[in-house]
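The following blocks contain the structures, represented as structure tokens.
Here chain A shows up in two complexes: once beside chain B, once beside chain C.
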Partner chain A sequence: MSTDTKQNPIAQNTITIDGQEIPFLAGQTIMDAALAAGVYIPHLCHRQGLTPHGSCKLCVVDTGSGSASACTMPAVAGQRISNNTPALNEVRKTITQMLFIEGNHICPSCEKCGDCTLQAMAYHLGMLDGHFPQFFQRREVDASHPTIMLDRDRCILCELCVRASREVDGKNVFAIAGRGINAHLVVNSVSGKLVDSDLETSDMAAHICPVGAILIKEHGYEVPIGQRTFDLHQVSEIGLEKTIPTKVRQPDE
Partner chain B sequence: MSKIRIATTSLAGCFGCHMSFLDMDERLVVLLEHVEFNRSPFTDIKHCGPCDIGLIEGGVSNVENVHVLREFRDNCKILIAVGACAINGGVPAMRNHFNLRECLEEAYVNGVGVENPQIPNDVELPLLLDKVHPIHDVVRVDYYLPGCPPSADAFLKILGDLLAGKEPSLPHNLLHYD
Partner chain C sequence: MSISSADSNFSNMTDLLRSIISRVYAESPHLLHVLYVLQRQFLHISDEAIREVAAHLDLPTSQVDAVVEFYSFFHKIPRGRYDILFSNCTSCGYLARGVDLMAMLGQQLGIVADNTRGDGLVSMGQTSCIGMCDHGAALLVNGMPIVSLNAAMIARIAALVEAETPLEDWPAGWFQVDDNIRVSGLLLKDDLSAGTGLRAMLTHGAADTLSEIIQSNLRGRGGAGFSTGMKWQLCREAQGAAHYVVCNADEGEPGTFKDRVLLHSYADSLFEGMTVCAFAVGAKQGYLYLRGEYRYLLPHLQSVLARRRELGLLGVDILGQPGFSFDIDIVVGAGAYICGEESALIESLEGKRGIPRVRPPFPVTHGYRGQPTVVNNVETFIAAAHIVLRGSAWFRAVGTEKSAGSKILSISGDFAAPGIYEYPFDVTIWQVLDDCGAKDAQAVQVGGPSGTLINSAEFDRRLGFDDLSTGGSLMIFSQARDLLAVIVNFAHFFAHESCGFCTPCRVGTVLLKNGLDKIAGGHGTRHDLDEMQRLATLVKCRSHCGLGQTAANPILDGLQRFPQAFEQRLVHRDFEPHFDLDAALEEARQISHRDDAAAHIE
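Moving on, here comes the complex of A and B:
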């Protein structure tokens, strides 16, 4: 029997995640293979179709030979991956807590509440408090654009907007400047303000923000609290993220 | 069997968590077969005696909040941070991005519609702290009950678990930050 398995090319190109055998195509990452198979690996900075970034570290899995970000690590035949384990989820919760205390995430006053992937991730991981001392950093709000708002208080530096603008919109509106605790989102315009950039509401970059850092003005409460994406769905439902940008993008915008 | 004794207070909060607690409605009658209230806005008892459970709403924004919080910690076997403000400072902590003088001047001197502008300084007023703190910055906290406010069901779940001698846990549908 074991000889038959080795001769079968489909069986060779598989990995296992938490004991479940999952096929992959050459060039796919662990994340690609998992998403295609409907297996959820927690992630904030990954979006299918954009270059993997590997920065949020929530998708770190145990590959059997060490830890690696599932969104950047190529799948290799025979990998035995641990993903949904108490130990990994505890570390993921700690990472999420650090994201919360580093920014200014005041959920009750945020119009992204209920649609926020960071918040949904915290629910998924059972986060009850921030654990660490709050930074209470003062960050710049840019309300200069007539239809798009940039509130850096909520930015988690995932670079989804940076990549969407560069790779999909072809505009290069956003970048991260500074290092460590001084890292912050900057706008590619002479004034550094959104109003002087090329960003438009039809851009993917205007809609891809997983938190409430980039918001479309005048649409904040169209969907009431209680009926929003993560009021109705779990963050772990596969394919949900694909619906979010298209859901809020209107043809007339 | 003697009843479980509970104390509650609102520090730098809006009493919304207390209002949500009362949303238990008729279930309060059943709860009161098992618990009694010590210091609380529900009883108007002014100081906390020895209690089993202390529920703290609101963050720490002035010196009186510090005294009250320490009184609760000294007297309650189990202290629970209730709601966003107690857990992370919440909306009141949004003043932390500004210094205290800026906040007071905006409210009492330069604010729109302010008449006879002056910063209040009556000796009876508790002095404001430089920053608003979550309560775990000041005392040890045993459990956290998130929400703005936590629902009556969430209060019932955490109290029910404790009354049953279990480690409290919130199911996904009761875990909310708003």
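Moving on, here comes the complex of A and C:
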């Protein structure tokens, strides 16, 4: 924080991202301010309207006083933020590789292919391979629900479904259990199975998964490969979720 | 496997579970305590038990399930009636005496590590440092520490287990944990007699007490070194329905055991310090979060609390002061290093997984139950109690301006007299090594695995917040010590203890562990060292909390200061695959009970 911005009253409510001055409102995070100004900061576990989480770390930025998650760090007047730099994008690429190799992501056979934010992120960051040895973790598939499929192989622990269920659907269907690399998504039901939970197809939690871990059954491959979200859009387009209403259905819709 | 599988027993088991849960919860309304009793009684926590706990405590089943799976001392698969956990610390671990004591016991009991024997009598495994580093190799049996292990004791333990001898009839001396105070300074010279600090405090008043703490320049003894007085003041000024005082007695840093000694022999000073804090910030309730490994200290601590209540030092109108009411509950953890991080500790207190919160806001404004909360280390509270009695000038007279007072060190490793050493801040490592009689140190790990690994060229560096900060662990490694093995041990520790919240730490600590195993196993190349450096830097810079931010320190320090420890293991090629065909056959060899030459691929 330099002294000249402190003396300038107009600069009291702006931050600078990669040299671009961006206004913010009190209480906004760096991510909020950036998205409102049309500046893309890569992110996977963030969705406007849900409590910021700060776990995927794709949105790491440098604030001058160190590394921060843009989605949880409050914007402070005069912050000078580095975002779209080769070094940070290299970090993000490595983190994306980590997410790929800890799970079991086989894009060509996944229904989410082309609609998957993780996959789109990999393309955006120029990721060509997983780089690290695969962990080949055994993860449970839950096909018990009549209309919704849960394939934990693809879960990236972003907790979007956890938060959507709790904060929007008012249900609390999902949680994370376990520790460290054994952390995994669990279902809040007597049997631990999706079929015994309150989850319904109209819930936001059934649609918010950025990868192919939670899928709606009997709707496979309705949109051909080549015409899917990220065949037509860049992951860096702001407000993308609003352009694909079928993928993120609001509960009141 | 489920205890509720037989229909005829179903209602009985359900009734039994319900009666236990409601009794325990009435005595101590903490999820961790309910789960502990269920684990002890049934040797595991069944799905039915999880459902009953959730129903009784009005929690989501998934939350109870998540907590059971998070903490190391809870199990969904039954443990043995004798549940033996060897420490795997470099100082008090099963390899500390140069032989593999765990393998030895496993052989004698016919059991493989991390398993329960078929007859359900015994299970055996390893656990992170249990804080017995001044006693040599140590283990926990049903939560009770046995120290100073040797081969002869292992044989006797095997026999006692096979004979199903109750723990009360095992040799009492095995369970004897000594204080081993070698050098006493400012705080260890004498325990405050109960109430003296509080009486001094009441004559000063809350505002003056707080300003005395501020003027003393006391900084948090956990290692981060935030000003204690400032923390108390921020908490005091914060608006909230209630204020809380929490003592972090979750010392999980390998090589640290000073809180064990303080809790054992200086508990009055600790509770006095917490009560002083309560008076200064306006708290009515305090919590001591005790690490599960120190559960054996619980009866002692409870008795100290009870005595203090009788003396009018806790409870309503303390020392006759109208309106000054404060009491302390003890909450016992269940095996999770991350709960030493203050916001993870608060989550754990609230009956959740120990996941560090997003900060800001900080606990001083949004802590336990979202209310203003002071979280301080055991040693910090004890120092505060002394300062109230003796004044800030007394405290500042020792140490330096930035690092006032003394530091209590837990020193262990390759020398004859491990134990507790208290020094004024600014002491050199040389001085410490000299007093310890450690003649041939090649390296010192200051502040435990999350701290700093230094070589002999740096032994003139000083302990303090300006130079070498430490929460209290000091591990001394002699010339004979294989430093790469130490660093590998630390990497395994962090991978095991990562909470799994953020990607860099969850995945990164495992990648670091695997990469180091490859190098230590003689399959590493120059490329792997470069990868370690790159990955370690990322984990350090981009992780969510202090665990991830420090997990790579031993690797980065090692690569910088002891490159030969890595380089001498390298194969001199550009690339060597991670996949090891022979190692991949290990599971098949175990299943087929073969270990002959034909069962290996060289």
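Following the convention adopted for this analysis, the second predicted complex is superposed on the first by the 230 of 253 C-alpha atoms of A that agree within 3 Å, B and C clash if a C-alpha of one lies under 4 Å from a C-alpha of the other, contacts with A are read in each partner's own complex, and residues count from 1 in each chain.
Note that in this section a residue touches a chain if its C-beta (ideal position, glycine included) is under 8 Å from a C-beta of that chain, and two chains touch if they have at least 3 such contacts.
In this text the structure is predicted, and so the values were computed from the model without any measurement.
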Label the relationship between chain B and chain C on chain A in the superposed model as either fit or clash. fit
Between chain B and chain C, whom does A:Ser67 touch in the aligned arrangement: first, second, both, or neither? second
Under the stated touch criterion, which partner chain does A:Cys56 make contact with: chain B (first), chain C (second), both, or neither? second
For A:Gln119, select first, second, both or neither according to whether it touches chain B, chain C, the two together, or no partner. first
Check the residue A:Ile95 against both partner chains and state whether it touches chain B (first), chain C (second), both, or neither. second
Identify the partner contact of A:Gly170: answer first if only chain B is touched, second if only chain C is, both if each is, neither if none is. neither
Should A:Ser109 be classified as contacting the first partner (chain B), the second (chain C), both, or neither? first
Comparing chain B and chain C in the superposed model, the one touching more of chain A is C
First, second, both or neither for A:Asn188, with chain B first and chain C second: second
So, A:Pro133: does it touch chain B (first), chain C (second), both, or neither? both
Which partner does A:Gly180 reach: the first (chain B), the second (chain C), both, or neither? second
After fitting on chain A, the minimum C-alpha spacing between chain B and chain C in angstrom comes out at 5
Taking the two structures together, which residues of chain A meet both chain B and chain C? 101, 133
Contacting residues of chain B [partner chain A, same complex]: 81, 84, 87-91, 93-94, 96-97, 131, 134, 136-137, 141, 143-146, 148, 170, 172, 175-178
Given the complex, residues on chain A that touch chain C span 52-57, 60, 67, 69, 72, 74, 91, 94-95, 98-99, 101-102, 132-133, 135, 157, 172, 174-183, 186-190, 192
Which bits of chain C are touching chain A when the two form their complex? 47, 51, 60-63, 65-66, 68-71, 336, 353, 358, 360, 495-504, 506-511, 514, 534-535, 538, 541-544, 578-579
Show me the residue ranges of chain A that touch chain B in the complex, using the header's touch definition. 100-101, 104, 106-109, 113-114, 119, 122-123, 126, 128-130, 133-134, 136, 138, 225, 234
